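Same chain, two partners: subunit A is paired with subunit B first, then with subunit C.
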Partner chain A sequence: MSEAQLKNTGAERSRSLEEIFEQRIVNDEKIEPKDWMPEKYRKTHIRQISQHAHSEIVGMLPEGNWITRAPSLRRKVALLAKVQDEAGHGLYLYSACETLGVSRDELYDQLHSGKAKYSSIFNYPTITWADMGAIGWLVDGAAIINQVPLCNTSYGPYARAMIRVCKEESFHQRQGFEIMMSLCNGTEVQKQMAQDALNRWWWPSLMMLGPTDDVSVHTAQSMKWKLKRKTNDELRQQFIDQTVPQADILGLTVPDPDLKWNEETGHYDFGEIDWEEFWQVVKGHGPCNKERMNDRVGAWERGTWVRDAAMAHAEKQQIKKENQAKAV
Partner chain B sequence: MEKNWPLWEIFVRSKNGLEHRHFGSLHAADAEMALENARDVYTRRSEGVSIWVVESKNITASNPENNGEMFEPAQDKIYRHPTFYTLPDEIKHM
Partner chain C sequence: MKTNLYNYILELADNCLIAGQRLGELCGHGPSLETDIACTNISLDLFGQTRSYFQYAADIKGGDATEDSIAFLRYEREYKNVLLVEQPNRDFAYTVARQYLFDVFHLLLLEKLQFSQDMTLSAIAKKSIKEVSYHVRFSGDWIKRLGDGTEESHEKMQAAIDGLWQYTNELFEVTEEAKALAEEGMGIDVSTIKDAYYQNVTLLFEEATLNVPESKYFQKGGKSGIHTEHMGYLLADMQYMQRAYPNMNW
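So, the complex of A and B:
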C-alpha cells in the first residue's frame, strides 16, 4: 500500500470510530475513561471539568473571608460546612478530570499560571455579612441551574460527580436565603444591607450563566455531547423567572428598572447586561482577580513543606515495614 | 515540591448489607491519609460505614477495545437463562 493509501485507511477508521462514538451519545450511552473518544471530546471535557473544579476551589475564598466573623455559632457552622462542601466539589471534579489522562499537578499549574479560567463571579469582593446571604441565594442558585442538566451529561465520571454536587448544593442556597430573610426581617439598617448585597450580586449572577447565545462559541458542539442541555439564554431566563418572586418575598427590589412580567411570553423581560464588565473580569481586570490568585498560589506554596514532609514520612514508614518483613 | 502524592481509588459501603462501591479517587501520601481524606471528601453526610482505599496503580482494568472477546461469548449462551426453557402454563412455583 502506498503511504497515501495507508493514511486514507487510517482516516477512514477514525471516521467510523467517531461515527460509532457519536451514535453512542445519541443513544444516551455513557462514555467511560478507557473508551475510545475523539481528541476534541477529551480536550473539551478537560477544559470544562477543570474550569468547573477551579471555580469550586477559588469559590471558597470570598466566603472563607467571613467564617471567623459569622454573627452566630449557627451561621458559623453552616458557612464552614458550605465552604468545606465546595472543597469537596472541587475534589470530585479534579478526580473526574484526571480520568481523562491529565495530572492534578498540570491542572493546578494551569490555574496558578492563569492559563485556566474559573467562574468570574468569584472576582467580586464580599464586603458585608449580607454578601454571604446573596452568594448562597444567587450564586449557588445560578450554579444549580447550570449544574442540574450536567447530571445527565455523556461522560460518566463527570455525570457521577455532578450528581453528588447537586445533592449538596440545595443546602447552600437555602442557608443563603435564610440569611437574607433574617436581615430583611431585622432592623432597617440590616434590610438595607441585604438590598445592597442584592444590588451588587444581581448582575454578576446573571453573567454567570454565560455569554448570550449569539456569541457563545461552544454551544452547538456542547449540546451534541450533552455538556449542555439548554442554551445560556434559556438558563438565564429560568434563573430570573424563579428568582424574582423570591426577591418579592424578601421585600427586596431587583436592581433592574426594565424588569417586568410579560403576560404574553410567561417570562420576565429584563434589561441590558453590561457584557463589557463581564469580559473585563474574565480578562483579569475584575476587582479581586489578583487577590484571589495571590491567596490561592500563596496557600499552595506555603503548603509545599507539609506535602513534602507527608511524602517523606510515608516513604520512611514503607521502608520500615519492608525491613521488618525481611527480619521475620 | 519533590514528589506528588499518589492517587487512590475510594470504595465506600453505604450501609451494612450492601457492597463497597467505587466513589471516586483522591491524592494522599499513604493509605492512612487516604482513609482520612476519603472520610472528609466522600462521607460528610453519613454516606458510609466502611471505606476501602486502593492505590490506583494497583488496579488492573480490562480494555474496552477487547470487549468483544471478553464479553460477547456470553451473549449466545441463552441457555444460561431461565426463560430459555419452555414449560406448560399450568406449572406453578418454577
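So, the complex of A and C:
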C-alpha cells in the first residue's frame, strides 16, 4: 500500500471511530476512560472538569474566612462541614479529570500559573456573616442549576461525580437559605446584614451562569456532547424565576429596579447585567483575584516540604519492606 | 449548682474547643487536599465533643446558659484549656506536633472517663474514643512521616516538638475540681495516665527518629485561666460575632 493509501485508510478509520463515538453520545451511552474519544472531547473535558475542581478548591477560601468567627457552635460545625464537602468535591473532580490522562500536579500548575480559570464568583470578598447565607443560597443555588444537567453528561466519571456533588450542593443551598431565614427573622441589624449581602451577591450570581448566548464560545459543542443541556441565558432565567420568590419569602428586595413578572412569557424580566464587571473579574482584576491566588499558591508552596517528606518516607518504608522480604 | 462538676466539664471541653478552633484556621490552607480534609474532620469531631460537653454544662448551670453562651461569652481568664492547645499553627509540623501531643493524652483520658459514674460524661467519652483513636493515628502517622522523611522535615518536626514540649506537663496537673470528682468516681486523676503518656510518646518519637526533649522546665497556667499571649487573639476571632452583635439568634 502506498503512503497516500495508508493515510487514507487511517483517516477513514478515525472518521468511522468518530461516527461511532458520536452515535454513542446520541444514544445516551456513557463514554468511559478507556474508550476511544476525539482529542477535542478529551481536551474540552479536561478544561471543564478541572475548572470545576479549581472552583471547588478556590471556593473554600471565601467561606473558610468565616470558620473562626462563626456566630454559634452549630453554625461553625455546619460551615466546617460545608467547606470540607467542597474539598471532597475537588478531590473527586480532580480524580475524574485524571482519568483523561492528566495529573493533579499538572492541573494545580495550570491553576497556580493563572492558565486555568475558576468560577469568578469566588473573587468577591466575604465581609459579613450574612455572606455565608448568601453564598449558600445564591451561589450554590446557581451552581446547582448549572450542575444538575451534568449528572447525565456523556463522560461517565464526570457524570458519576456530579451525582454526589449535586446531592451535597442542594443540602448547602438549603443551609444557606436557612442562615438567611434566621437573619431575616432576627433583629433589624440582622435583616440589614441579610439585605446588604443580597445586594452584593445578586448580580455576581447572575453572572455565574456565564456570558450571554451570543458571546458564549463553547456552547454549541458542549450541547452536542451533553456537557450542557441548556444555554447560559436559559439557565439564568431559570435561576431568577426560582430565586425571586425565595427572596419574597425572606422579605428581602432583589436589587434590580427592572425586575418584573411578565405574565406573557411566564418569566421574570430583569435589568441589564454589567458585563464589563464580569470580564474585569474574569481577566484577573476582581476584588480578591490576587488574594485567592496568593492563598492557593502560598498553601501549595508552604506544603512542598511536607509532601516531599511524605514521598521520602513512603520510599523508605518500601525499601524496608523489600529488604525484609529478601531476608526471609 | 454542682460547681465542681461544671468546672470540670469546662476543663475537659475547653481543650476540645480551642484545639478545634486552631485546626479550623487551616481549612483550605493545608499542604494537600487530603490533609485539609483530615484536619477539618478532626476539627469537626472536636467541636462535636465540645457541644456535647457544653450542652451538659448549660443544663447544670441553668438559667439562660446555652452551649453558645459558655463557648463564646466567657472572659479569657475563665477558659480552662491547657496552654498546649492554644499554640498557633506556625507550620504544619507545629500543627501535627500540637495535635499529637494532645491526642495521646486525650485518648488515655477518655479511656478512663468512659467508666465515669457520671452517665453523661461516660457516654460522651465512649462516643469520643472512636473519633480520638483516629486522631492519634493521623497525627502519629504524620509525626513519623515528617520525622523520618527528609532532612528538612526532620528538622522542622524536631523544632516543633522542642518548642511544644514545655507545655506537655500541664496536661497532668490535677485541679481541685478534678481531684474531688475523681474521689467520687466521676472524674479522672490525670496524674495516673502520665507514665503511659510519656511511654507512648517516647516510643513513637523513636520510631520517627526524633529526640525526646530533655528539658525539665515546663509551663502551666491554662487550667487556672492564665494563658499565653496567643489566647486573646484566638478569642477575639472566636467571640467576634457574639460580642459585636449581642443577644441575637443565628
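Here is the rule we use: the second predicted complex is superposed on the first by the 326 of 328 C-alpha atoms of A that agree within 3 Å, B and C clash if a C-alpha of one lies under 4 Å from a C-alpha of the other, contacts with A are read in each partner's own complex, and residues count from 1 in each chain.
One rule holds in what follows: a contact is a pair of C-beta atoms (placed from the backbone, for glycine too) under 8 Å apart; a residue touches a chain by one contact, two chains touch by 3 or more.
This structure is a prediction, so every number in the text was calculated from the model and none was measured.
Colleague: In the overlaid three-chain picture, which partner chain does A:308 touch, first (subunit B) or second (subunit C), both, or neither?
Modeller: A:308 sits against subunit B and subunit C alike.
Colleague: Comparing subunit B against subunit C, which has contacts with more of the residues in subunit A?
Modeller: Counting residues of subunit A touched by each partner, the higher count goes to C.
Colleague: Would you sort A:69 into first (subunit B), second (subunit C), both or neither based on which partner it touches?
Modeller: Second partner only, subunit C.
Colleague: Pick one for A:316: touches subunit B only (first), subunit C only (second), both, or neither.
Modeller: Only subunit C; A:316 stays clear of subunit B.
Colleague: Could you tell me if A:91 is touching subunit B, subunit C, both of them or neither one (first, second, both, neither)?
Modeller: Both partners, subunit B and subunit C.
Colleague: Please work out whether A:198 is in contact with subunit B alone, subunit C alone, both, or neither, and reply first, second, both or neither.
Modeller: In the superposition, A:198 touches no partner, neither subunit B nor subunit C.
Colleague: What is the contact status of A:36 with respect to subunit B (first) and subunit C (second): first, second, both, or neither?
Modeller: It touches subunit B, and subunit C stays clear.
Colleague: Quick check on the superposed pair: does A:235 touch subunit B, subunit C, both, or neither? Answer first, second, both or neither.
Modeller: It touches nothing on subunit B or subunit C.
Colleague: Quick check for you: in the superposed arrangement, does A:142 touch first (subunit B), second (subunit C), both or neither?
Modeller: The answer is neither, since A:142 touches no partner chain.
Colleague: After lining up the shared chain so the two structures overlap, which partner does A:250 touch, if you call subunit B first and subunit C second: first, second, both or neither?
Modeller: After superposition on chain A, A:250 lies in contact with neither partner.
Colleague: Where on subunit A do the contacts with subunit B and the contacts with subunit C coincide?
Modeller: On subunit A, the overlap between the subunit B and subunit C contacts is residues 81, 84, 88, 91, 304, 307-308, 310-311, 313.
Colleague: Mind pulling up the subunit A residues that touch subunit B in the complex?
Modeller: Contact set of subunit A toward subunit B: 32, 34-36, 81, 84-85, 88, 91-92, 95-96, 98, 103-105, 157, 160-161, 168, 304, 307-308, 310-311, 313-314, 317-318.
Colleague: Taking the touch rule as given, give the residues of subunit C at its contact with subunit A in the complex, in rising order.
Modeller: My answer: residues 21, 24-25, 27-37, 40-41, 43-44, 47-48, 50-51, 54, 67-68, 71-72, 91-92, 144-146, 148-150, 152-153, 156, 237-238, 240-242, 245, 248-250.
Colleague: Okay, in this complex, where on subunit B does subunit A touch?
Modeller: Against subunit A, the touching part of subunit B is residues 1-5, 7, 24-27, 29-30, 33, 40-41, 44-45, 61, 63-65.
Colleague: How about subunit A: which of its residues touch subunit C in the complex?
Modeller: 57, 60-61, 64, 67-77, 80-81, 83-84, 87-88, 90-91, 94, 129, 179, 182-183, 185-187, 189-190, 295, 298-300, 302-313, 316
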